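The same chain A turns up in both complexes below, where it pairs with chain B and then with chain C.
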Partner chain A sequence: MVVRPYNEELKYLEKISDCCWRIKKEFQPNMKVEGCFYVNSRLERLMLEELKNSCRPGAVGGFLPGVKQIANVAALPGIVGRSIGLPDIHSGYGFAIGNMAAFDMNDPTSIVSPGGVGFDINCGVRLLRTNLFEKDVQPVKEQLAQSLFDHIPVGVGSKGIIPMNAHDLEEALEMGMDWSLREGYVWAEDKEHCEEYGRMLNADPSKVSLRAKKRGLPQLGTLGAGNHYAEIQIVDEIYDKWSASKMGIEEKGQVCVMIHSGSRGFGHQVATDALVQMEKAMKRDQIETNDRQLACARINSQEGQDYLKAMAAAANFAWVNRSSMTFLTRQAFAKMFTTTPDDLDMHVIYDVSHNIAKVENHIVNGREKQLLVHRKGSTRAFPPHHPLIPVDYQLTGQPVLVGGTMGTCSYVLTGTEKGMNETFGSTCHGAGRALSRAKSRRNLDYKDVLEKLEEMGIAIRVASPKLVMEEAPESYKDVTDVVDTCHIAGISKKCIKLRPIAVIKG
Partner chain B sequence: MNVSTTVGHNEDNNNKFVNKLLGFSVADLDHTADVQLHAWGSSLQEAFEQCGMAMFGYMTDLDYVSIEHCFQLEAKGDDIEGLLFHFLDELLFLFSAEPFLICKKLEITKFDLENYEIECRCYGEPFEIGKHPQGTEVKAITYSAMQIVQEPERSHYEVFVIIDI
Partner chain C sequence: MLKLKLEALEHPAPNNVDVNDRKVFASTILWLEDQKIRQYKIEDRVDLRKVDRLDIWEQAYENYKEDLGMPQFQTPLEEITWLLGYAIRLEFLDSPDNYKTINSIEVSKEQNKSLAPSIQAENFFDNMDFNHKDFISGVRALANKLKVPHHSNHLIQLEAIARIVHERLSPSAKNRQAITGTPFPFEKGNDVVSDDPALDYPVRILRLLQIQSLRQLQTKINETIVAVQDLTANPKTDTKLGKVGR
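Here is the complex of A and B:
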């Protein structure tokens, strides 16, 4: 790694618009394309501070600063366009979280990298709407939160309650939400409102280790821990009335449920297994990277193909997982209001994947190309009229669900043509951590955090209360800054703001 | 390699989980997505055992765990880092699937640094919500900034591993 004083480093960065910076090719060795990142003034400070800290002599630690990581990704074989950092970017394993990069499928040297997807494959967000309003839910908020907490298994060591055996799992891995539909856990129209219709067709469970399946089986239908949550949210603001109405959101005060979860231990193990395999493939194919954590394999190699098929199985697992929790959520609401989920109009507005690699067609330098698009902590945001978005959203653009953190707002955005051109149809995914877990724990007390949430009128049910400091709003970037940056940059458009009134987490 | 810097950030941290008696600590780096396990012992074998315990200590409070069962585990690697990686990955697997074991004590019975093989007895009980407090979920073991410090002349061995949570 090139180590220079901070002032020197800054020479390789250039602000090209109000909220976009360019990373020049000489910033890191072997950069094949430039990098860029989107930030407003507040996020810019965080970004540059991180770089500055890493330039201090004697700095040691696990991960490089986000901007270095963007640049190292720009040095991977086969990358096209730019390596792009979204406003919620923060450093992660190999790729920064909030980094997207696209690789040319027709270039035989192009790579696929599990670090560009993340350990939690197809981690994503699903939003359900209801026809309830805040006044209906406020009086029973605590009971409803408790009921959701009782219905959805959360936290470390929790086990799923959806009956599953090894044979069912094989089918679920292959079929994704088609399995959930066949088993009666979801509605047919739910599938319409998912990326890939809730099923990646190239999934091949035979490419998945027994170990991953054993980790996955007991965890299907569980929320997990860390930053995963289920929230009851209220529509707080509607910026785009017409698009919102296409999503079934008519008025402020309407109640929604957001579920943020992924592929659990199954996906974690698929990623771990692939990283081990790819270390070997890299030596064999002499793939050079700037950072050992950027383990990768050629897309066309055995390891590359195996990973894509196993990753697709993990993606299907995640959809079945979110679908199972959708089922449990509908049950909890139906019981509380002694009616049916149908009568509560509990439709899936949309379901996004923010840790995934997908084959997509994009225009690069005026020509259509087939690309493998890695989005790690980044959400697909396709514009209106794109063939891969459902009929209901053909005129609005794809809904993009941006989850906040415990106690803060969440947003629904829509995809734009500008985003399609500038960022391969990608935008932010959430708040993005600002403080390390260590700092959060040093500076915050869990009782204060819980009290503050209570003051804000938010009911909370959490499996490990002592860890809530790590997920406290203070530990994250301001999600409003993140979303505003995307909106101003034009890579997606604000549609709805949601505020939580109850949080369930691990 | 400056080991003391890595953990130095956290000395004032009241919440830091240090078990002097057992010989491990769980220290968070000043980074945004990771936790570093730091374990030590008078032999490398002991440092490995303690590193495993550090991971379990992050998942629950070990005071609530009793020894009910013993499971035998084997791990292999291509080099010493690989051995540590796979040893921890096996332990994580023991917790994540049948028998869902949370360990109170680890005893490495075979520690072969020529073929990089470990056999270990794992003592503990199946994780049970209600009995064992829920801590943090470990997603994966990583090679990121892994350090294995060996100072045989003063019988001092240390390992640092970053886990993804």
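Here is the complex of A and C:
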């Protein structure tokens, strides 16, 4: 890696608009395309500070700064367009979280990288609406939070309450949400309102190690730990009234439920297994990268194909997982209000994946190309009339669900034409970490964090309170800054703001 | 002719009646008397039955002809022809109403059908002249009534009429619940079409129609899934399995 003084480094960065920076090709060796990142003034400061810190003499260990990671991704074989950093970007394993990159499927040297998907494969957000209003829920929010906590197993090492055996798991890995539908856990309309219709067709459970399956089986239908949560939220602001009405959100004060979860230990194991295989493939095919963490394999190689099939199985796992939790949430609400989920109109508004690689068609330099689009900590945001979005959202553009952090707001955005052209139809995914987990643990006290939430009137149920400070709002960038940057840049459009009144966490 | 008459009387072997074979002739006469004519009582037919002893039978046949009042004929063919005609007449007189409707036109139709199976025009529209001036003026009048805009091709106009009738006036459309909720102002969507209103407006309408047909398809898909779920769904939870946190 090139190490230069901070002032030297800045010469390779150029601000090209109010909220977009260009990373020139000479910033890192072998860059095939330029990089870019979207930030507003506050996020810009965080971004550049991170770079500055890494330029200090003797700065070693930890991940590379986000800017460097974007540039290293731009040096991967087969990349097209630009390597794009979204406003919530922060350093991660190989790829920064909040980095999207697309690779040409017709270029035989193009690669797929597990680091570009992330360890929590198909981590994503699902939003359910209800016909309840804040006044219906406020008086019972503690009981409701407890009821949700009782229904949805949370935390490290939690186990699901939906009976599953090994055979069920195999079927679920292959069928994704179709399995949940067949077994009757979800509604037909849920599938309609889910990215990929809740099933990746190329999933092949035989490409998944026994170890991953063993880890995954008991965890299906559990929320997990880390930044995952289930929240009862209130519509706080409607920016785009008619898009919101298309999503069944008519007025401020309406109650929604957001579920943020992924593929648990299963996806983690799939990614770990793939990294081992890919190191071998890199040696064999002589693939050079700037960073050892950017392990990858050619898309057409055995390792590349095996990974894509296993990743698809993990994606299906995550959809079944979120579907099971949808079922449990509906049960909890129905019991609480002694009615049925149907009468509560508990429809899925949408379900997005923000850690995934997908084959998509995009226009590159005026020509349609088939690309493998990696989105790590980045949400797909397709514009109106795109054939891959549900018919109900053809006029509004795809809903983009951006989960905030514990105690902060969440947003619903919609995809735009500009985003399709500039960022391969991608936008931010959440707040994005500002402090590392270790730093958060050192600097914050979990009691303070919980007290603060209580002061804000948020009911909270946590499985492992001592980990709460890792997820405290102070550890994250301000989600509003992130969302506003996307809105101003035009890569997605603000639609609804949601604020939490109850949080269930791992 | 002989054969046709035998067929009409439902003779068991109309092809094998040889009137010149006296024995066959005799048994055919006996069959006619037994089955159709019934001039004698059964016990009085004894001599006519003796077809194996033609001498006795010939005598009985002479008496039979006299009793029936058959005119004098020269040949056995004439005799049997008269007898068949007589039998057919008796048969007809048993229930003349059965044959009332049969006339030459019906019969010829029946025969044509058996020869070359023609396609029966079930849909009377098939035989209609869609370019007849009466038809065109009918379409125009209907279009005026339903406020369908004019199109130079009246058939396209008719399609639009059919659609309006199906969407708005059919019994299923009339019983449909009114759509509730806020109307969606389609001319200011998130989608960019064109600055030229002459292009923008029709493109938006086309897109709405496309979305409508997609919605119908998706609804059918959902209905199918729900129908299958009725057979397969059995959601279970077992809280004993649950374990929260570590």
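The rule we apply is simple: the second predicted complex is superposed on the first by the 506 of 506 C-alpha atoms of A that agree within 3 Å, B and C clash if a C-alpha of one lies under 4 Å from a C-alpha of the other, contacts with A are read in each partner's own complex, and residues count from 1 in each chain.
In this text, contacts are C-beta pairs under 8 Å (C-beta built on N, C-alpha and C of every residue); 3 or more make two chains touch, one makes a residue touch a chain.
Quick caveat: nothing in here was measured; it's all calculated off a predicted structure.
Contact with both chain B and chain C is seen for A:463 once the two complexes are overlaid on the shared chain.
Legend: residue contacts after superposition of the two complexes on their common chain; A:252 is shown touching neither chain B nor chain C.
Once the two complexes are overlaid on the shared chain, A:437 sits against chain B while remaining clear of chain C. Within the superposed three-chain model, A:158 lies in touch with chain B and with chain C [touch as defined at top]. Contacts of A:243 after superposition on the shared chain: chain C is touched, whereas chain B is not.
Of the two partner chains, neither chain B nor chain C is touched by A:362.
Overlap of the chain B and chain C contact sets on chain A: residues 155-158, 463-464, 506. Those residues of chain B that touch chain A in the complex are listed here as 1-2, 5-6, 9-10, 12-15, 27-36, 59-60, 89, 93, 95-98, 100, 102, 127-129, 132-137, 139-145, 162, 164-165.
Looking at the complex, you find that chain A touches chain C at residues 149, 153-163, 181-185, 188-189, 191-192, 240-243, 245-246, 250, 327-328, 331, 383-385, 390-392, 394-397, 414, 416-417, 463-464, 493, 506. Chain contact summary for the complex, chain C toward chain A: residues 181-182, 184-186, 189-192, 207, 211, 214-215, 218, 221-223, 225-226, 228-229, 232-239, 241-246.
Against chain B, in their complex, chain A makes its touches with residues 58, 60-63, 90-93, 97, 119-120, 155-158, 211, 214-215, 217-219, 224-226, 265, 268-269, 271-272, 292-293, 433-439, 441-442, 463-464, 467, 506.
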